[in-house]
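In what follows, subunit A forms one complex with subunit B and a second complex with subunit C.
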Partner chain A sequence: MIEHLPAVMIAIPLFGAFVAPLFKKKQNIAAVWAILITAVTVGLSLLLMYQVRLNGVIVYVFGADRPTLVLPSGYKVPIRIMFEIDGIGAFMAISATLMSFIGALYSYSHVKAESGLEKYYALLLLLEVGILGMVLTGDLFNLFVFLEIAGIAGSALVGFRNYRGEASEAGIKYLIVSAVASLMVLFAVGILYGEYGNLNLAYISKHISFNTLDMIAFGLLFTSFAMKCGSVPMHYWVPDAYTEVPAGINPILLVSTYASLYALFRVSFTLFANISISLARVGWIMSVLGVLTMFIGVTMALVQKDVKRLMSYHAISQTGYMLLGVGVGLTVLHDPKALAEFGKTAMAGGIFHIINHIIYKSLLLMAAGALFYVTGTRNLNEMGGLARKMPITTLCFIVGAAAISGLPPFNGFASKFLIYESSYRLNPLLAVFAMVTSILTLASFVKVFASAFLGPPLEKFEEAKEVPKPMIVAMVILALLCILFGLFPDVVLDKLVYPAVDALIKVAQYQTWGGLA
Partner chain B sequence: MIPRLVTGAGYWSPLLWLAFLILFTLIGYLIYSRGNPRYRKDTEQVKPYLSGNVEPSKEKIQVKAGDIYWGLVEALKDYYNVLQAIHTGDLRDYILWYLGVGTIILFLLVGGA
Partner chain C sequence: MNGEVFMNFPFIIVALLLAIGFYTIGFKRNLIKVVIGIEILEGAVNLFLVALGYVRGGYAPIYTLAPQEAANPQNMVLPTPQALTLTSIVIGVAVSALMLAFAVNIYKHYGTLDVTKIRRLRG
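Take a look at the complex of A and B:
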């Protein structure tokens, strides 16, 4: 059974998604069903990480006599659909499943009043399938297929509240942007397939010759994934989507965005890591995009009045830290001394920031969702004095805001600290931008806190009270994770982050199909 | 073993930091608890002095989100004018930015191949 774990990871949420519409008449059961399925996937992803730590890269071949049989008899190249799971794939799988569970739990109360919830939960589970497929696959075409699944499910969820014009508009925008990016990915995959007659990532990375055509494919993949992860100046779709999607979907939509970031890292490190001449150039492109992303994101957040839009711009800004951290590592990948001195730390910071950001940004977006649930508005100018009415939400918001601003001892500080100290070694200006961004982040969250929670209680919110328990539980779990990851960063780094960093750096390990070929 | 975050340039110990934070909070509380003993809550002594004017209702003097950082945004008006002008919300512009950035990246990559 354990050898089929990679396939089960996909099969269970897929089964859950197909069953969910059967609960059309009992939508509460659909919600419980989604919570159950996502909880099971959390357990499976932890087991997957354990297996990866125990046995190294896991290879799973669909349709083979044995799931580990990479090459059919008589063949010299892999032709089957393969999942190839290393440290970073397992790391992303844990992020995806955890956030799907939290999102489903929060949604139980948050969207209770909506109709069509059986479709909502089916789409939530499909989105999980899409993300898991993207991060587990070892095949370029499957990456495209799962990217499409995640894009379509995501856009349907963004436009879920279709009685709101803005939601439909955001959903269509997300769909088109996703489709354009996916088509370009398909085009790049076609180029590589035409050249090497194979779609297996490990195989292509072993045989790639880095000619002009390859570099065009790389450019297309790089730009498409950069757009899908919300890098400036291709970030415009992010505020639209994150603002309109129900708050329970925000966590998994965030992970979906970072699955594209994962794909960007995977392509840059695994497929193209051996282009020694221009790899530093690629790293610099990533780092500069990171700095632009963090700075423009945060300055745009500072002037927003819609609480979810403000937080969406912060999501863009925080992606910049991840791009910067991993970009610094990529820049010095072929310089063993610099890689050992600061490159690996920078990458650890960037990857640690992925999970940290997923946790605290989900928490903050859920707090924003709670504000909307209670007040019926997202406009900060119309809020005030809610701290006494919603004490737990307020506390959770404070934890999330402190974490995103990089205040110790919360989790955001731990990863940002690694990024500051290591990016400084490549170029001090990079660290300066990162720190200024953190200060501006804190400033804009002070604005949210002051206008929504502080101040005298407003008459119109006299009857306001704390949000229902499932929403509280979801927020409290995330707040606790913010504190735990901040107090024990070394544990997370050792168990989750450094295996992920090593997986990216040690290309040869990935190329050997887990030691089978 | 105290958890440490090793950065290459030094280390950070969150639990040690937390211990100091608790210690300083206790010291702060000790100083606070020895404050003015004549202070009485909900009496005339805590009311603001407004040169004899009537104190407006709290709801009227609430600082709105748009007012916070007004000065900063005003000082950076030129920067924000440019930034807000490019955030058009028009899907065609989204795609054009993608194509533009894609062209630059392709140029940088193919030029270096």
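Take a look at the complex of A and C:
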């Protein structure tokens, strides 16, 4: 049973997704069903991480008992679809399943008033399948298929409130971006297949020669994944999509964005790891994109009036930190001394920031969703004096805001500090930009806090009450995680983050499947 | 026409279709036309995949009851790109259906399909 874990990871949420529409008459059961399924996947992903730490890279082959099965003619190439899970894959799987669970829990009350909930939960589980597939697969075409599944399910969820025109507008924007991006991924996959006659990531990365065609393929893959992870200058769809999606989906949509970021890292670190000279240049491009992303994102956020839109611009800005951290690592990948000195720390910072950001940004977006649930508006100028009415939401918001601004002892500080001190070693200017961004982030959250929670109580919110229990529980879990990850960053770094960093750096480990070729 | 150009003909068409597709997505104002642009892009990529696996004078990639000389890999059209194309077509149908559904919904709420006027989300 345990050896089929990778397939079960996909099969269970997929099964859940196709069963969910059956609960059309009893929408409460659909919600409980989704919570149940996502809870099971959380357990499975933890088990997967444990297995990866125990046995190293897991290679799972569909339709055969071992990966070394070759063609009858004896020609030794991988001929089946493979799942290949190393540290970073398992790390992303944990993030994805955890956030799906939190999202389903939060949705239980948040979208109760809407109709068609059985489809909502089916799409939620499908989105989870898409993300899990993307992060577990070891096959380029499979990556494209799961990218499309995540894209379709995600944009359908963005347009879920279809009685609002804005939701459809955001949905089609997201869908157009993701369709064009994944078609270009497919084009690049075609180029690579034409050259190497195989779709296996490990196989191609071993044989890659980096001629002009490879360079075109790399450019296409890099651009498409950067587009899908919301890096500047292709960030325009992010605020629309995050604003319009129901707040319960926000966490999982965030992870879906970072699954594209994972694909970007996978392509840069594994597929094209053997190009030694140009990789430093790619790393510089990634770092500079990261700095631009964080700075432009935060300056756009400062002027927003819509509370969810403001936080969506912060999501763009925080993506910049991850790009910066991992970009610094990529720049010095082929320089062992610099890599040991600060490259690894930078990457650990970038990857640690992924899970930290997912946690506190989900918390903040959910707090914004709670504000919307209570007040019926997202305009900051119309809110005020809600701190007394919603004490727990206020506390959760404070924790999230402190974490995103990088105040110790919250989790944002732990990862940002790693990025500051390591990017400083590559170029001091990078670290300066990162710190300025943090201060601007704090400034904009002070603005939100002052206008939504503080101030005199408004008459129209006289009747306002705290949000229902499932929403509270979801937020409190995330707030606790924020504090725990901030207090004990070493545990998370040792158990989750450094295995992920090692998985990215040690490409040879990924390339050997079952001793073949 | 010499053979070299003829073999590259599909790839020239692919380039042409890619150009038309990107032009349509970037410069047309009607939302339906943008969707058509994406469909053209998809056609280009699918044609690219199929052309990639084509072997001139090759056999159809069906292994059961294949003639003897088809067993040599050089004589058979590659099956994988065809499978990929089929998958990508199916996914493409889902994507375009969803896009058109969004377009209909947008028309219902905004009364227009002009992308320059569908701009309630801004700032």
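General observations
Heads up, the rule we're going with is that the second predicted complex is superposed on the first by the 503 of 517 C-alpha atoms of A that agree within 3 Å, B and C clash if a C-alpha of one lies under 4 Å from a C-alpha of the other, contacts with A are read in each partner's own complex, and residues count from 1 in each chain.
Simple rule for what comes next: a contact is a pair of C-beta atoms (placed from the backbone, for glycine too) under 8 Å apart; a residue touches a chain by one contact, two chains touch by 3 or more.
Source: prediction; values computed, not measured.
In the superposition on chain A, contact is made by A:W237 with subunit B only, not with subunit C.
Once the two complexes are laid over each other on the shared chain, residue contacts for A:V491 go to subunit B alone; subunit C is not touched. By the touch criterion stated above, A:V303 is placed in contact with subunit B and with subunit C alike.
Contact with neither subunit B nor subunit C is seen for A:T97 once the two complexes are overlaid on the shared chain. Look at A:S268: by the touch rule set out above, it reaches neither subunit B nor subunit C. Counted by residues of subunit A touched, the larger count belongs to B, out of subunit B and subunit C. In the superposed model, A:E148 makes contact with subunit C only, not with subunit B. When the two structures are aligned on the shared chain, A:S260 is found in touch with neither subunit B nor subunit C. Of the two partner chains, subunit B is the only one that A:L220 touches; subunit C does not reach it. Applying the stated contact rule after C-alpha superposition, one finds that A:T319 touches neither subunit B nor subunit C. Annotation: subunit A residues 172, 176, 180, 240, 303, 305 touch subunit B in one complex and subunit C in the other.
Across the complex, subunit A meets subunit B through its residues 172-173, 176-177, 180-181, 184, 210-212, 214-216, 218-220, 222-224, 226-227, 233-234, 236-237, 240, 275, 277-278, 281-282, 285, 296, 299-300, 302-303, 305, 341-342, 345, 380-381, 383-385, 408-409, 414, 417-418, 421-422, 424-425, 443, 446-448, 450-452, 455-456, 458-459, 486-491, 493.
The residues of subunit A lying in touch with subunit C in their complex are 141, 144-145, 148, 151-152, 155-156, 159, 162, 164-166, 168-172, 175-176, 179-180, 183, 186-187, 189-190, 193-194, 199, 239-240, 243-244, 303-306, 309. Against subunit A, the residues of subunit B that register as touching in their complex are 3-10, 12, 14-15, 17-18, 21, 58-59, 62-66, 68-69, 72-73, 76, 79-80, 83-84, 86-89, 91, 93-95, 97-98, 101-102, 105-106, 108-110, 112-113. Those residues of subunit C that touch subunit A in the complex are listed here as 25, 31, 34, 38, 41-42, 45, 48-49, 52, 80-81, 84, 87-88, 91, 94-95, 98-99, 102-103, 105-106, 108-110, 118, 120-121, 123.
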